[in-house]
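Take a look at the structure below.
We call the chains A, B, C and D, going by the order they appear; numbering starts again at 1 in every chain.
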Amino acid sequence: MGRARLDRGGDLVSAAALDVTSTRAWLLRFSEHVVADADELTELDRLVGDGDFGWNLSAAVRRARPGLESPAETPGELWSRLSDAFLAAGGTSGPLFGLWFGRLGASEATGWTGHDLADGLSRATEAVTRLGGASVGDCTMVDALVPATQAAADAADADWSDAVAAAAAAARTGAESTAPLVASRGRASYVGERARDVVDPGALAVAWFLEAATDTVR
Amino acid sequence: MGRARLDRGGDLVSAAALDVTSTRAWLLRFSEHVVADADELTELDRLVGDGDFGWNLSAAVRRARPGLESPAETPGELWSRLSDAFLAAGGTSGPLFGLWFGRLGASEATGWTGHDLADGLSRATEAVTRLGGASVGDCTMVDALVPATQAAADAADADWSDAVAAAAAAARTGAESTAPLVASRGRASYVGERARDVVDPGALAVAWFLEAATDTVR
Amino acid sequence: MTSSVINDADDFVREALEGLVATHGDLLALHDEPLFVTRRNPSTGAVALVSGGGSGHEPLHTGFVGDGMLDAAVPGAVFSSPTSLQVKAAVESVDTGRGVVLVVKNYTGDVLNFSIAAEVLADRHDVEVVVVDDDLATESAADGGPGRRGTAATVVVEKVCGAAARRGDDLAAVAGLGRRVVERSASLGVAYRACTNPLTGALSFDLAPGEIEVGVGIHGERGRSTQQAGTADEVVGDLVGRLVEHLDLGTGARVLLLVNGLGATHPLELSVAARAARAVLRDRGVVVERSLVGPYVTALDMHGLSVTLTRLDDELLELWDAPVSTAAVTW
Amino acid sequence: MTSSVINDADDFVREALEGLVATHGDLLALHDEPLFVTRRNPSTGAVALVSGGGSGHEPLHTGFVGDGMLDAAVPGAVFSSPTSLQVKAAVESVDTGRGVVLVVKNYTGDVLNFSIAAEVLADRHDVEVVVVDDDLATESAADGGPGRRGTAATVVVEKVCGAAARRGDDLAAVAGLGRRVVERSASLGVAYRACTNPLTGALSFDLAPGEIEVGVGIHGERGRSTQQAGTADEVVGDLVGRLVEHLDLGTGARVLLLVNGLGATHPLELSVAARAARAVLRDRGVVVERSLVGPYVTALDMHGLSVTLTRLDDELLELWDAPVSTAAVTW
């Protein structure tokens, strides 16, 4: 433990405690991925939904960018700025991700442990399933959120970076599990069989999000 | 003077004083003519207006019929019932004829002299020209009303039946004078040259009306 | 086949009045044969105010019957004048002895039937006729024509006269105030889609996509010119500019602004139009003392609007502000 | 090219709000970034009432902000939910410390955004969410679906809750009364013509001449079935009959009747519909204690109507009758 690695911008990123610097690096990394590959998400939503998901998501992260680059005292402040940008976005995903980021970051801690992260994921995912009303198997982002949250809880005694790596792996598996499913909630519930063999874009975005954290500490 | 003739129903019609019986005979005779020959009026209005004149007029006289056949104390009562039936009718002619009949009959006398009739026509025509705003030469019923009213005034010292005969002849001449005219008021002002050589149906109806009186005393 | 909420065309107006009076049973009373509407609780000792005209313009006039506005409204068939017998019966029903003002929109049939009623009533009732002719689109140099049409300024006339009657003004004063409003008012209308015949569903005229008809009246007739629709600011700005010029409104002039929906115009659109009208007036230094925005004088379901300006003075403002309680406006 | 009174589509709602607030400057205040509308003179010491949703349904909700009804209205873009940030800001602006009731029409986006706002506010504000789902056309046996849509019963909920808040009821009581109205209300709508896209002029669906769409909502979506239009009595009778059955209204049941125009429906038509609805209710012995007839919850310029029945009790009747002063209703 006590490892320190370079983030993409060259700052020191603590693998043991998730502080402001490493949180910023994570969230900016995620933003860049979304902006770069928005079309992939849009294409998936086009196949099973109304084809605006990539656009909704990249508009939100672009809106968040100045806030993510401004000074902050705690990681919670950065999460809260990201949350607001998503809450101001359209679609179903905007408010749900906004809620998720908001609950995730609702902590005053300046350096998060693996337990802080696991607690945050648990709060956040609970809120999204409660308000969104979807369960695992409904072919939504929840199919990635729930296993990721469970994996982080299981790895909470480890460094935050190990916990998030476990969560990311679980999210990826969860996202891929949506391909053979026919959606019963939200978007894809209208297209039925046409949605088979297509990964849910919301679930995939959850995987991207957690993978962005592991990228910054790699 | 003091002549008495049979009206079409067999009642005695006084040629000297226009009483209830002779008024009823006159108005019923007019009604029958309108109902029988409504198509002729409609055709004229079709050529120069909107083609509803015969219909407007016959609807009004049909509506008046029960009132004309009911008991009355004075000629004025019968005029007033005829007036109401026209006032309830549509078009421009309905209210104008209603006004004309109403003013014509606004007298309490039980037996009208030639002067009563001339006074009535004068009251009535004055109201129609004032409210309708048309003058002689505008190609409306006024082209028949004004000369007829003048003729009756000139013959007012004679029997009512002679006065009405003079009025009827003047009305016929007045109506025929509208054929070469292009209308500047009401209906035919929209069709311009197309209205030339067509007698104004409203003016023709005035002639029919006065001629109905001379028919009942013939 | 019908394309609207209607039973029999011949009963349309009567049935609508029955529905209206049932809905506003505390406010309105229906009179049948001849047909007219009065206040449920008539005023006493005040000059009475009667208006009416063809139907299809609701809430005008029936929606303005009530305390502080009309004593009676006399409806004709859709877009057709009521008869003078209806007007006469309404006047006889509401005259309390102080006389009656008839507010008449300037159309041949309406003027004729209301004037005839006034003529016939003259022996037994004091009657004054106020003719409203605010629509600049029908202004023409040719004399002898029917003159400018009466449109939404009628609402202002009815409100001002109603308030004057309510405060006890005599017949000449009430009629004089009505004429003062007419003199000081001007309107112009524009359509984005014509109105629909309630029976056949046919439009009263056609516009190509993106076209508007400027200078329309309230009977589905074409206007003065067909144009390409600009932005709301352009379309409304044009109308308001012409009204301002006609009324010769300079800096500091005080006006009442009426942005009137012609039937199918959405509240969002009317609000955007009100905003546009205010911007033009502000630029010219004209003070909008009061405004009314909504569908008050409709042309069935025409999609469009009219703008009316009335130059206010202190008395007109006071009368506009006076309390009113009707189906369509209450303050 | 536009086919409506609009400047830029992106500014449509904001400009309309500016126009509305300028028109009702004594009543309303506009808040920008995020966008919402509050009363000019906020109530003090009462439970606050906030509603909102996609625009295009005006006068809902902005027209119901005022004394005795809403404290704030939160508008989204046309037919799109407002964001939770807007809702949150509105709640923060109007909460006087006694808590806030959020009145939400049952659509996924609205429920989500209002619930998220409630969730986010939970630490510092007492918030209750009342979800309105009165539209029988969207009732389906399948569970897990979005449930019945919220339509015109929202007006009744807002009026009753507003009156309860005004008389001093606490948060639980105000929310409880809102839910009581929801439980006792049902609505059904019918369209004679779809609504028009304000930018393109395109209709949201097509009907052949003489056809009507039964079971429509307020977003231009198709309904449950396309039928031949019957008479007004038949069309309205069918809707009312189904409401009566659903609410199990027997002889002597007391109701509030709301005949709501969807946008382009003429007042004459709505009055004919009100008459038809009353006839059916009278035949079934149902007592219409109160009624409201007009365009209160529109779907842009859709030509059609909805009928809402709310089974009244003494308390609901008293709260309905309580004074209210807003842009859209005043009594």
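Keep this in mind: a residue touches a chain if its C-beta (ideal position, glycine included) is under 8 Å from a C-beta of that chain, and two chains touch if they have at least 3 such contacts.
Small disclaimer: the values here were computed from a predicted structure and weren't measured.
Path length between subunit A and subunit B in the touching-chain graph (shortest route): 3. Distance between subunit B and subunit C, defined via averaged C-alpha coordinates, is recorded as 36 Å. A straight line joining the Cα centres of subunit A and subunit C is 60 Å long.
Rounded to whole angstrom units, the spacing between the C-alpha centres of subunit C and subunit D is 29. Multi-chain contact residues of subunit C (touching two or more other chains): none found.
In subunit A, no position touches at least two other chains. Taken chain by chain, the contacts run in an open path, each chain touching the next and the two ends left apart.
Of all possible chain pairings, those that touch are A-D, B-C, C-D. Put simply, subunit C touches subunit B in their complex at residues 34, 80, 83-85, 108-109, 112-113, 115-116, 119-120, 144. Of all residues in subunit B, those touching subunit C in their complex are 84, 87-90, 92, 94-96, 98-99, 102-103, 127, 131-133, 184-186.
The part of subunit D that touches subunit C in the complex is made up of residues 1-8, 12-13, 15-20, 22-23, 55-56, 58-59, 63, 78, 192-193, 198, 201, 209-210, 228-229, 231-233, 235-236, 263-276, 278, 291, 293, 298, 300-301, 303, 305, 330-331.
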